[in-house]
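These are the structures in question, set out in turn.
Two complexes are shown next, each including chain A; its partner changes from chain B in the first to chain C in the second.
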Partner chain A sequence: MNKKKVYPIYFVFGALIIYIVLFVIPSLIGIGYSFTDWSAYSDKLKFVGLDNFKTVFSSDEDYMAIIINTLEFTFITTILKNVLGLVLALLLTKSIKFLNFHRGIMFMPSVLSTLIIGMIFQSILNPATGLLNTFLRSVGLGVFAGKWLVTSELAFGSVMAVDIWRGTGYIMTILIAGILSISTTYYEAASIDGANGIQKFRFITFPLLLPTLATTTVLNIIYGLKVFDMIYALTNGGPGKTTTEVLYTAVFKKFGTGQYAVGTALSSVMFLFMVVIGVFMIKIMTKDEVVE
Partner chain B sequence: MAQKIIKALLRNLFAWIISIIALVPLLLILFNSLKTSLKASDMNLSLPDFPLQLSNYTVVIEQGKLLQSFINSSIYTVGSVFLCCIFSSLAAYVLSRNRTRLTKLIYLFIVLGITMPVNYVALVKVMIFLNLNDTRLGIILLYAAMQIPFSVFLIYGFIAKIPVELDEAGIIDGCSPIRLFITIVFPLLKPAVATVVVLTFLNNWNEFISPLYFLSSSTKWPMTLSVYNFFGMYYRDWNMVCADIVMTSIPVILIYLLGQKYIVSGMTAGAVKG
Partner chain C sequence: MKIWRKTLALGLAATMSLLLVACGAKETPEDTTGTSDTTPTTAAATQAPVKEDITISFMASQDWIQDAELELANKFTEETGIKVDYQIVPSDQYPSLLMTKLNTGECTDIFGGQSGQFDIQTQYNVEKNAMDLSGESWAANVDPLAAAQLTVNGALYGEPIQDVSSVWAIAYNKQIFTDLGLSIPTTYAEFTSVCDAIIAAGKIPVYEAVSDGWHHVLWLPETAVEAEVVSPGLVDKLNNNETTFAENDTLKLILTQIKEMADKGYWGDNYMSNVYADAAKNIASGEYVMVVANQGFGTEVNTLDPSFSADNIGYFVMPLADNQTLNVNPSGPSRFIYSGSKNADAAKQYLAYLASDESLAYLTENVAKFNKLPYSNAPSKYTDTIKDFYSRYPSQGTVFQTAVKYVNPQWMDMGTNISALLLGEMTPEEVLGTIDKTRAEEASAAKDAAWAE
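Up next is the complex of A and B:
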């Protein structure tokens, strides 16, 4: 059988062309543009070398704070979503009544639009009338009622908490599948040897779940670095100048004010960063398929 | 024995608490979408009074131009899901069946797109150059482009499980490559394609950034953009905002309930090695 004839390469073209034109080329010319003074105010492009990157990494500007915010958001939400997701996955693989109901409900926040979740929580976290503070006051915990999204001390934490509320069910679902794929014979053997629950987790579940945890971690990192909708709807970078500003919201603001060159330089920094993560992730995801 | 029962009770209790935490914000929206503007201004969890304010929904459909944005969202989602499924399965099929150094490289190159961020600022330039800026076709192609990497990854893994002998039998019977794909291979891909349909539907229905950058005319806005815009104008009338949110979310919740098993299998592909 002539493979070239039976599986013609032009079958690949449709996907490849759309992907290259609308995905790869913008990233590459974006890197090119970040060495120019491209903006909405002049038609002529001038080569400015590394100026935009100097701006991005200079201490006089806010960009470093924005990059640090993005990394902090990614780091904290990734860890907490993984830990909470693991706890819930362990819980929901035990014998519990209405198991599928609980699994289904906990996953539900992940299918809704993150933008809409941002809007819902703008109401819930409203300091005066929001559901959270009303609830805290009604059970006598009024001292904990905070000005969630409007003070610089609490805003970033609140945004991250909402994101954890949204994303934990997703991680839990993946981890449940991971736990269920572990052969029960290990647990039976461990029981015969007299292992208790904690020992079974420590020596069977956790080590065998590590590859799955690696994937959920990478998925969370990708999501965290690209986060936009949620923050746009909750605080749009405020209160103040950079309290909750992240890369994608900053790029959108630069786009809005016509400072395209800085916007694309920020995107390019992110691009290079993500290529490294991407290569690492593909190694995890394709390790069974590509290596033959 | 008593200890065991207490443990089981605590486990169930804990599960209920978490489920309630997940559910309360959603119920909050549903309840308040059925209240009067005055009652909804507190945004509390009390049940709506009778008669239910179903008129909120009709008002939102008119004021928020929801019908138009619903049609827009449907066009973008259906169009891009269709393109994405066709192109991804064609590509994954050939890349998986004919493994040479080149096709493996192409596969990795496409799959790398799963992690890539989109450079929206530079993309505007490309869209304008292709006359796709502020057009429906542009959004459809863009949505398809963003979903192709993961879809190819998913279908590629699935095709490896379909025996090559079927292809050989088809070839012996005189199938052309296209006919072989359409009549023999594609029907067998149904589970993987169903997963791609469900996941790309959810992602594209919820997509917000691309329309924000590339659609300036409000008549082309999808539901996410118009619900956000509506929120900006009617932020005092939470009952209306809630009704708008409910209607924007109904399609994804329906798809979720109908396609739950496909979502889980798609999400866990690659994450869990059995």
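Up next is the complex of A and C:
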């Protein structure tokens, strides 16, 4: 290795200082506040130890349900977006007519503002006047017309479905890029060996696409844990107490009622989740990486 | 060479730091100038109207601002050059957003908020977050009862937006009642018979809008006046922390009956997704027969459908727990000027404009639900139907969100819990227990002596 080609360490200081001042220190202060009784009602701060975390994990409160909701949302949307994105990516890398048109249509929802999508879907999923139920009734499938966003049974599923619809096109685009980067020589060789489509996918496409899939998974997981706008616009955490409440909507409400300390405790719990999951994902992703 | 590079790098780093420091330092003198600028303008504003190209921002909940007010805002802009930027927020999201803005110090010049002598202190902390408006020209015109709900330590902090003389009662379609041979119910049992008869006639008895998050809450604190009738002194005991909501049987009965109404189909199938903005449309269509509304509702329906006479809407109090006491409430949505506003003079000028004789007359004339705005200089337009309604109930009681401390700030939480009750996730006892718990939290945060251990 030619040492002269490596930049000196002090080149990183500028970026590092900005990063520390703007990201690391506020995060640490935030975690620090979660051990106090910080609220909008009093200017004085008192150290309360783990009281806020006890509240967060107490069985009398709904925070555990909120944490479980967030994890459930992340898990389900990540899997479905990846699977559907992969299927679409496979279909849209074949030579079909109007290929770019199809790709564009699938990618379109990702470009729209989440809040606008939320409002549009609130109208589409209205049980009485919504487009979906009106359509189902008009084709004689009224039996499937549901109260999408307003019952405990369907609300969370509906919110996840809208989010999957919005996010699949984005994942598909990344996977298309991944598929197109696979050399065609592998497929030609496989064809000569008599491999069918499924075998080509299983032994060529899928293994070579794994690094891309790992990237999309990480993106989805981070998005899922941080989801806010979609839930806020569609149900605002309802119906009822915690049907679709996730961490960020709960944190937002806590800040809204001036209970900053509990809000920061919730954020700290989420931060911990993201660190654990992040480290775990990086380990998996870099497992087979060859260091040159 | 190496030294030259190092010197260059250090030089660049030093320049960057200087730039950063310079950018940071620049704010201070600017800020100071901004503050010192405000004072002379304030003095000037009281003498002569400000005529500048400035925009004042105004944040309010969806149902609080009427089209007529927006039209007045345009006229105000024409006359003064000051633009008013209304930021209307969906009602279910408004309380959280307002509190977040106030707590983070980023509020709009004017903000809408519910009045209430206890809540404007504990929730909005008006002494810190809002400007004292006692010296404004219109302050003396505000109805004394309404003003009391906007006053802290003798200082007036808000300007009422809506008519507070009207009460939330059941507005009903008189024609359908006559056709079905129904009369005004005076007990809950009679009310259920009325609803059963309406369902038998193929119509939906009550239009209820749960998705807004606030409307379905009305049934509890508005009919809670009956709890005071059954147990006199209850309000004082609640305010002195000598009893709780959960201990009161009347409140439990009201919640049980709310759930029963929904379960029996009196609210139809779509009450969870209905919005209050569609109430007039649905009553006009005849699909629904009753709705909890103010006394301007008849005119609202008439405006929407001119063939539907305003007098075809009658009113009676919500007879849950057999309540027959008129539920009055001198508090309502109001305008406050944010203490951190940089356009305070323009905002004051706008509030003065809205409280002028002409504006109040314009609002009363053009907003269907306004009969008498709470100002001595506002005209009145009560009809015989409304006079008849008020005279039918000789005894009056103040609604719990105004009479009892720490109820109004948790209105949307109550909405969430009552919708959980409707979904079967909570029992009436749990809903009342949660109200008590939240009251205790707010009281201890506000260092209320009655809650001190």
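Definition applied: the second predicted complex is superposed on the first by the 253 of 292 C-alpha atoms of A that agree within 3 Å, B and C clash if a C-alpha of one lies under 4 Å from a C-alpha of the other, contacts with A are read in each partner's own complex, and residues count from 1 in each chain.
Throughout what follows, contacts are C-beta pairs under 8 Å (C-beta built on N, C-alpha and C of every residue); 3 or more make two chains touch, one makes a residue touch a chain.
None of these values were measured; they are calculated from a predicted model.
In the superposition on chain A, contact is made by A:V275 with chain B only, not with chain C. In the superposition on chain A, contact of A:L22 is made with chain B only, not with chain C. In the superposition on chain A, contact is made by A:F11 with both chain B and chain C.
By the touch criterion stated above, A:T77 is placed in contact with neither chain B nor chain C. In the superposition on chain A, A:T93 contacts neither chain B nor chain C. With both structures placed on the common chain, the touch criterion links A:N69 to neither chain B nor chain C.
Of the two partner chains placed by superposition, chain B and chain C are both touched by A:N126. Contacts of A:G30 after superposition on the shared chain: chain B is touched, whereas chain C is not. Touched residues of chain A were counted for both chain B and chain C, and B has more of them. By the touch criterion defined above, A:N220 lies against neither chain B nor chain C after alignment on the C-alpha atoms of chain A.
The residues of chain A shared by its contacts with chain B and with chain C are 11, 14, 126, 232, 252, 255, 260. On the chain A side of its complex with chain C, the touching residues are 10-11, 13-14, 39-42, 126-128, 147, 149-152, 232, 236-241, 252-253, 255-258, 260. Chain C meets chain A in the complex at residues 9, 13, 16, 92-93, 95-100, 102-104, 122, 125, 210-211, 213, 269-270, 272-274, 416-417, 419-420, 422-423, 425-426, 445-447. Within the complex formed with chain B, the chain A residues making contact are 1, 3-9, 11-12, 14-16, 18-19, 21-27, 29-30, 33, 88, 91-92, 94-98, 101-102, 104-106, 108-109, 111-117, 119-121, 123-124, 126, 129-131, 134, 165, 169-170, 173-174, 177-178, 181, 211-212, 215-216, 218-219, 222, 225-226, 228-229, 232-233, 248, 251-252, 254-255, 260, 263-264, 267-268, 270-271, 274-275, 277-279, 281-282, 284-286, 288-290, 292. By the touch criterion stated above, chain B contacts chain A in their complex at residues 8, 11-12, 14-16, 18-19, 21-26, 28-29, 41-45, 83, 86-88, 90-91, 93-95, 97-99, 103-104, 106-108, 110-126, 130, 141-142, 144-146, 148-149, 152-153, 156-157, 160, 167-168, 171, 177, 180-181, 202, 205-206, 208-209, 212-213, 224, 227-228, 231, 238, 241, 245, 248-249, 252-253, 255-256, 260, 263-264, 267-268, 270-274.
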